[in-house]
Amino acid sequence: MSTASLNRAFALLLWRDLVLALRRRTELLNPLLFFVLVTTLFPLGIGADPALLSAIAPGIIWVAALLAAMLSLDSVFRSDFEDGSLEQFLISAQPLSVLVLAKVVAHWLITGLPLLIVAPLLGLLLHLSGASIGALLLTLLLGTPVLSLIGAIGVALTVGLRRGGVILSLLVLPLYIPVLIFAADAVASSGAGLPITAHLSLLAALLVLALSLSPLATAAALKISLS
Amino acid sequence: MLRFFHQLGSPKHFYRIAGSWIPWLAAVCGLLMLYGLYQGMVVAPTDYQQGDSYRIMFIHVPSAWMSLFIYVVMAAAGAIGLIWHMKLAEVIAISSAPIGASFTFLALVTGSIWGKPMWGTWWVWDARLTSELILLFLYLGVMALYGAIDDKRTAARATAILAIVGVVNIPIIHYSVEWWNTLHQGPTVTKFGAPSIDIRMLIPLLVMAVAFKLFYLLVVLMRARVEVLERERNARWVRELVEAP
Amino acid sequence: MTAEVMDHGLEARGLGCVRNDRQLFADLSFCLCPGQALILEGRNGSGKTSLLRILCGMRQPDDGQLCWNGEDIFRLGPEYHAQIAYVGHRDGVKQDLTATENLRLARGLGAPNPAFGIDAALDQVELWEHADSLARNLSAGQQRRLALARLLVTWAKLWILDEPFTSLDSLGIGIVESLFANHLAGGGMLAVTSHHPVSLNDADIIRINLST
Amino acid sequence: MSGVQEFFHMGGYAVYVWSSYAIALVVLVANILVPVFQRRKLLARLARRQRRERRQP
């Protein structure tokens, strides 16, 4: 079980998920469309006053990004569970947490990262200032991997259930709150010209914590769900 | 002492031992609560600032302490159940969840009622109340997951993982809510705390805190006994028990 | 495949399994040594699949212990998993990947078998001409053979198979049985459940019936 | 106002104090009663099952 075979397995699984996603290219758009759609609902509900919109834009965009990330979590293990490949991961020669990390990174690249492409457009939609959009991109870059990592734990716990989707949000959303608080406030503060280094370092700390702990929890959860 | 734990480990002995403790626990807990309430409602003086409304504190603060205490106990019991495969620890963990949720709900309701005379609104986004609300969601998540999985053993081990993940996140959520609260609270930070603690106010608070801990032990043993009966329903000792209760 | 002399395979001591509080089997002990095949029989729902999942280390036995070369398999973890290959009811084949890609993945997850390249493995199960077609376009029998080809690309001493012959035609069964024979001859081990009689002519077979 | 009336008046905050204590009482009592009823229901169910098992040969 040398590190070479470990890296190869990691890269192989990452390659596999990216290839699978590209072969079903249309599904790549779903999280993005959801993200844009939810964000455009708010002005329709709240009114189009630019001052009001730009004040609440950071919160809206981040809540929408958070929901988009959560809704796309189901794809992380569902298809593997149904065709039996998840069992193959459990009995592979590589530690399960490394394989889980590969799958989560792939999920982030497929669903989390693309949110950054659309975010500036939504920023303009809600009259965000230039500095805020910059902060929005930075916080999304740091925040979305944390959403995928923590979400993977919830998905692993509910993968065996017939209707796990509803419970997934109850398990995962409370754990998303710190990311939402720091990220949304970073975007708001940068709009007001305040420094956001504190926010970004806290988000980075959450990312490091999630990177080191959540694959272990996800692996343990998978072993239990599949036992 | 080791024999005791070994004996406690077997469901049959646990059922009998827990059963023998329950009446005593109920008595002591009831007495303590009555004494605490008497001290709190009669002996404790009126507060010069809040008048008598602060007396809600004798319920609100202990329940808030209990909501956190029970979650930690639940996560610890879950971890023990996971690592050492102790059935009893799993049963204790899963029996604690509903009790923790009730104390969290109680802390939330009494907190908002207590806040009404002070701020004029039923709900205030104070740091502690918001943390309690999120803790309630964590409890509901644990209970929902346990309910969703059919096989009891798998359900208990899955909820143990969720409880452990939750307990790691509680301090993070707490401090992020504190941070969020100081940002949006503006200059006048209203200290949602009890008034300057006069000794006659502190005693009932501590007495109630101990009474609540005994109450938790009482109810968790009662619930655990039912759970053990359910899990061991095919065992011989349960069949005998059902024949001659 | 050279058989290591010193190891003495899989040993079960007093295995027990309970599923939603029905005792499937209890106090099951056996020793599977190199060159031997364990054939599990029993009615549906008698716990055959649960036992196989315990052998794979995917499920904890409710009591008893399972040792590989004298070491508890749950303490070995991935080290034990590197020595086994499992094909369950579900093939574990990704529909949107080609046959070659599926095998490349399986090879990466296990301990790669130097003796068998992907093309050689496909040739063994007569899927060589479908190497680049998506698994989606293969028939159920071909997908089953692709799943079984996974056994060849990794160097696994112990093959654990749940109904390997499902949806295989008689030709397919013949191919798979010859794979078993070679594996056992090379000092490998086999644990299989099958409603179809498994004809392993001269192999050393242990039969366990779970429903008696 | 006599001592007792004053006690219940709670310095004008009677509504808040006594509603909190009422809710607390309900929650605590519920926590006690739920396991009692669950145990009774379970024992009854098991007894019925065992009677049914005895009846079959």
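Residue numbering begins at 1 within each chain, and the chains themselves are lettered A, B, C and D in the order written.
Heads up, the rule we're going with is that a contact is a pair of C-beta atoms (placed from the backbone, for glycine too) under 8 Å apart; a residue touches a chain by one contact, two chains touch by 3 or more.
Keep in mind that this is a model prediction, so the values were computed, not measured.
Chain centres here are means of the Cα atoms, and by that rule the chain farthest away from chain B is C. Relative to the whole-protein C-alpha centroid, the nearest chain centroid is that of A. Between the Cα centres of chain A and chain D there is a gap of 43 Å.
Between the Cα centres of chain B and chain D there is a gap of 17 Å. Once the centre of each chain is set as its mean CA position, chain A and chain B turn out to be 32 Å apart. Distance between chain A and chain C, defined via averaged C-alpha coordinates, is recorded as 36 Å.
Chain contacts: chain B has residues 233 touching two or more partner chains.
Multi-chain contact residues of chain A (touching two or more other chains): 227. Those residues of chain D in touch with two or more other chains do not exist in this structure.
All chain pairs that touch, listed by label, are A-B, A-C, B-C, B-D.
On the chain A side of its complex with chain C, the touching residues are 1, 5, 8-9, 12-13, 16, 19-20, 23-24, 82-85, 87-96, 99, 223, 226-227. Against chain C, the residues of chain B that register as touching in their complex are 85, 150-152, 231, 233-234. Listing the residues of chain D that touch chain B in their complex gives 7, 10-13, 16-17, 19-21, 23-24, 27-28, 30-32, 34-36, 38-39, 42-43, 46-47, 50. In the complex of the two chains, the chain C residues touching chain A come out as 53, 56-60, 77-79, 81-82, 84-86, 88-97, 101, 104-106, 108-112, 150, 154.
Taken in their complex, chain B has these residues touching chain D: 41-42, 46, 51-53, 55-56, 59-60, 63, 98-99, 102-103, 105-106, 109-110, 113-114, 116-117, 215, 218-219, 222-223, 225-226, 229-230, 233, 238-239, 241-243, 245.
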